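Here chain A shows up in two complexes: once beside chain B, once beside chain C.
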Partner chain A sequence: MRSLRFHARLLALYFAQYAKARLAYRADFATAVLASFLGTAASFSVVLLLFSRFPHLAGWSFHEIVFLYGFSLLPYGFFNVLSGNLYEFADRYLVEGRFDRILLRPVSPLFQIFFESFRLESLQEVLTGAVAVAWAASKLPGLSPLGLALLPLWAVFGAVIYLSVFGILTASSFWIEDRVGLAPPVFNLMAFGRYPITIYDLKVKVLLSTVIPFAFASFYPTTLALGRTSFAPFFWAVPAVALLFAFLNRAIWRRGIAKYGSTGS
Partner chain B sequence: MSEPAVRVRDLVKTFEVTRKSPGLAGALKGLFRSERTTLTAVDHVSFDLDRGEMVGYIGPNGAGKSTTIKMLTGILTPTSGDVTALGLVPWRDRRAYTKSIGVVFGQRTQLWWDIAVVESFRLLREIYGVSEADYARRMKVFDDLLDVGRLLPQPVRKLSLGERMRCDLAASLLHEPTLLFLDEPTIGLDVVAKANVRSFLKEANKLLSTTVILTTHDLDDIEELCERVVLIDRGQILWDGSLRGLRDRHLPEARIRFDLNPIPAGDPAELSVGPWRAARLSQGRYQIVVDKREVGTADVLREVVRDLPVLDLAVGEPDIEEVVARIYRENAALRRPGAEALPEGGAPGAVAHRGVRRG
Partner chain C sequence: MSTALAPASSPFAFARPYLAFARTSFLNLLAYRARYFVGILTYFFNATVWYYIWRALFHEKGDGATLGGFTFPQMLTYVATGWALRSFYFNEVDRELASQVREGRLAMTLIKPVDIQAMTLSQALGESAFRLVLFTVPIGALLALVYPVLPPASPAAFGLFLLSGLLSALLVGAINFCVGLVAIRTTSILGVLRAKYLVLELLSGLLVPVAFFPEPARKILVWLPFLHMNDTPGRIWLGLATGADAARALALQAGWTVALLLLGRVLWNATARRIEVQGG
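Let's turn to the complex of A and B:
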């Protein structure tokens, strides 16, 4: 408990310091936010265009698609805010040797890696997503109140799933010299998980619900609110999946750190 | 006597390295099969650090200094051997241990690169749970001794090497660690910056009675700061004791340098003084190298003054660079293939234990 409070305070401070440094270059930051927003708007438009060309594609209405895709921006946005260091981990920490410093502080190494830098402009995605969900919810009759109430919490679990999967991939650079690695293809899979899983064939469905559990991060969390009761088991499995992958991530990082301790690289 | 702050026994660290064969053939061979060899970076190192002691850990490049420090700070796990520091095992009890140590790597900063120095200090304050009052008091001291006040608003990446080092030193002491590890704290610094760092370390060691171990190339650092040096080469400790003892043992020489007037006839390259020979340095200036194991310097002096028309005279000792160079040479010669096997514990005269130190 004390450790939780300690880490929460530290996180707040890390965030504040980072934001302060970032906001020192205001115009720069504003441009980044705008660029990020345009990107989000563009992909959102493509999705809407695609799905409105084929009304009731796979049985999803326009507003449901806005709801779905809007929600997917929440875990995705959180992930983007926190994942900056994951991409740079191999170069910045292992090659440049900053990882030594991480090990010299009485703070969890994984905590430091996740929270030492933030992609602030991606907060825009969280906001855009929340607005889209709220708007779509106002247009959709008969949404489940419990399903709506749990959305924020499920968005956090979704972010945990994304971060854990990429955390695991990042940890592979403790063993694999090829630093480009697996992250880009898996990153592309994130996009798949953001559409209704019903449009895919069985293989993709299984993939997104098991090894790369991205359907648990953004699709299944919306199903309770939208009244798709056939997905209920998947909806309720979201927290367990998040915890399982968080646990796996931690275990693999432990091993990676032990490996680093024995080879120094 | 109380428990030492750090106790190191038979510490060994080996690395698996791939050896690259030279040339194209080697490169091709490497494509299919890389030759793995084992490199012993630290080879059965043992020593103790007493509380409040400031010890210099010296040795040439690649001797194993940083590797030792990384094991003592818990970054690396040893291949074998034990370290007990402040009652803990560094690499196993890392979270608890790192609370009571401070570490500076001269080669790279421990501060956050992009944010202002003062923000880094605030983060550290939170991480180490330093109270506001302690923080304010210590920052005052750092400003007095290291003049960091005016550096605080700047981001670390904008600081010069010397400025950065001052900030790094202050940061490493913010939580008043019991143990301080400094790996090449003066590397790349100019003379003024070096002097600043040295006087700060002296002061900090005195004020806080922090136990300090510092690695360096620069023997002036040692001469000014450390009563005790541990000399390492190729992973093995060659000396553990006082600088003076190191000198006396490995290069027990005195140099008597004198000017003659009148200049001896024929300006000879060598003069005899009793049983000793004086070598000509320049016109009228000669030097006798006295082996202190054989004769007292004063005895030689007496004869010089009696036999020769000495105008001026000075007695000097080899500087520590020379002593160390000599030891390295002896050590290297012994390791050449065909040389006789090393006796137990390293080179002749190597002192692996503390018995002889402070001699």
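Let's turn to the complex of A and C:
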């Protein structure tokens, strides 16, 4: 418990420090938020354009699709806030030798990598997603109250899944020279989780529910609220999947760090 | 490609340095070719999501239905040519320009006796030439193998498609030059550029053809340059724009390219006066 308190305090300090630096240039921060929102709005308009014209997609109504798409922005936004350093890990930390500094401190290296910088403007995605979910929910009768109550928690599990999968891909740079690696195509696979999984073929469903478990991050978490009881086992498996991948991520990082030899710079 | 194509005395001597920029840009990318195999997967996944979405939507309407004037095979072809085109016209000259300004490397560019916009555009074309070989052709082939993509409507349609695709690359080069100059005025360049990608994916018709936009939006969109990135070449391939229609679309596409190049010049002149290069 003490360790949890210690880390929570550390996280608050990291965050406050970063926010201070970031908010020093208010106009630029406002530009970043606006740009981020513009991007989200553009992507969302595609969904609104298409599904307001064709109000049924494989048995899902327009409002259900907005609900699902809106929810997908929650774990995605949390992930974006925290993932900045993952992309730059190989270049900034391994090649430029900053990783040595991380290893010298008495705090988990992975904790430092995740929380050393934040992409604050992506909180906009969480907010936009929440507004979309609330709007869609107000149009949908008979949503499960338990399903709605669990959504925020399940969004956090979803973010843990995204962070773990990309954490594992990032850790591969301890072994592999090519530093861009598999992250970009896997990043694009996130889009599959924004639509009802029933539109895909079996092979895509299996992929999204096993090796790259993105369906557990954004599709299955909505199924309880939307009353799709056939997915109940998948819904309740979300926390377990998140923990499993988090542990996998930690184990792989430990092995990578054990293998790491400094550049000596 | 050789820089010795035009001897100094020839009337094409002015083009020599630009050919060299295009060639360097091509060679720089060649150093990272491993990334492109992974990139093929990225584009394949992007097109695949839309294959499933359209399949479900057409299924809803019954076999042989048309949506927004497209049959299912036509829509798939539109998606496939769209992503293949994007893999060709995509370039990062805006990011490069912005980082040159921020890191002060622009000084080295400014002392070269070349026109900066022409240089940027040659780099964009060099990048596109590279992407055509390692990216666009394999992606097109993969999509055509996996999904029932239609061949071009006619040999003439294919020829006009190639012309239109080339114009798309020039158009995007012109747009990105402007975007780069605007982005350097903020410190969140990457944020602005990311927003640009998402907004252009919507406005170019890459994700959803213009026919699916509401009437007022459609009226505005056809008077903007962005549809010429994807929608124009896509409709030409499918034979949905032929003869006078195709000629008009191509003329508009070329006209917009020229107009945006001019806008880039104006922006550059306004920016160059404000730039201070610090010693270092």
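Here, the second predicted complex is superposed on the first by the 260 of 265 C-alpha atoms of A that agree within 3 Å, B and C clash if a C-alpha of one lies under 4 Å from a C-alpha of the other, contacts with A are read in each partner's own complex, and residues count from 1 in each chain.
One rule holds in what follows: a contact is a pair of C-beta atoms (placed from the backbone, for glycine too) under 8 Å apart; a residue touches a chain by one contact, two chains touch by 3 or more.
Quick caveat, the model's predicted, so the values are computed rather than measured.
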| item | value |
| --- | --- |
| Touching partner for A:8 - first (chain B), second (chain C), both, neither | neither |
| Touched partner set for A:192, first chain B, second chain C, both or neither | second |
| Touched partner set for A:20, first chain B, second chain C, both or neither | first |
| Chain B versus chain C as contact partner of A:206, first or second or both or neither | neither |
| Chain B versus chain C as contact partner of A:50, first or second or both or neither | second |
| Which of chain B and chain C A:104 touches, first, second, both or neither | first |
| Dominant toucher of chain A (residue count), chain B or chain C | C |
| Sites on chain B touched by chain A in the complex | 15-16, 67, 70, 73-77, 91, 94-96, 98-99, 101, 103, 105, 108, 110, 112, 114-116, 119, 122-123, 126-128, 155 |
| Chain C-touching residues of chain A, taken from the complex the two chains share | 25, 28-29, 31-32, 35-36, 38-40, 42-43, 45-46, 49-50, 53-54, 56-58, 121, 178, 180-182, 184-185, 187-189, 191-192, 195, 199-201, 204 |
| Chain A residues touching chain B - in the complex, by the definition given at the top | 9-10, 13-14, 17-18, 20-21, 96-98, 100-101, 103-107, 116, 258, 261-264 |
| Residue ranges of chain C in contact with chain A within the complex | 32, 34-35, 38-39, 41-42, 44-46, 48-49, 52-53, 55-57, 59-61, 67, 186-188, 191-192, 194-195, 197-199, 201-203, 207-208, 212-214 |
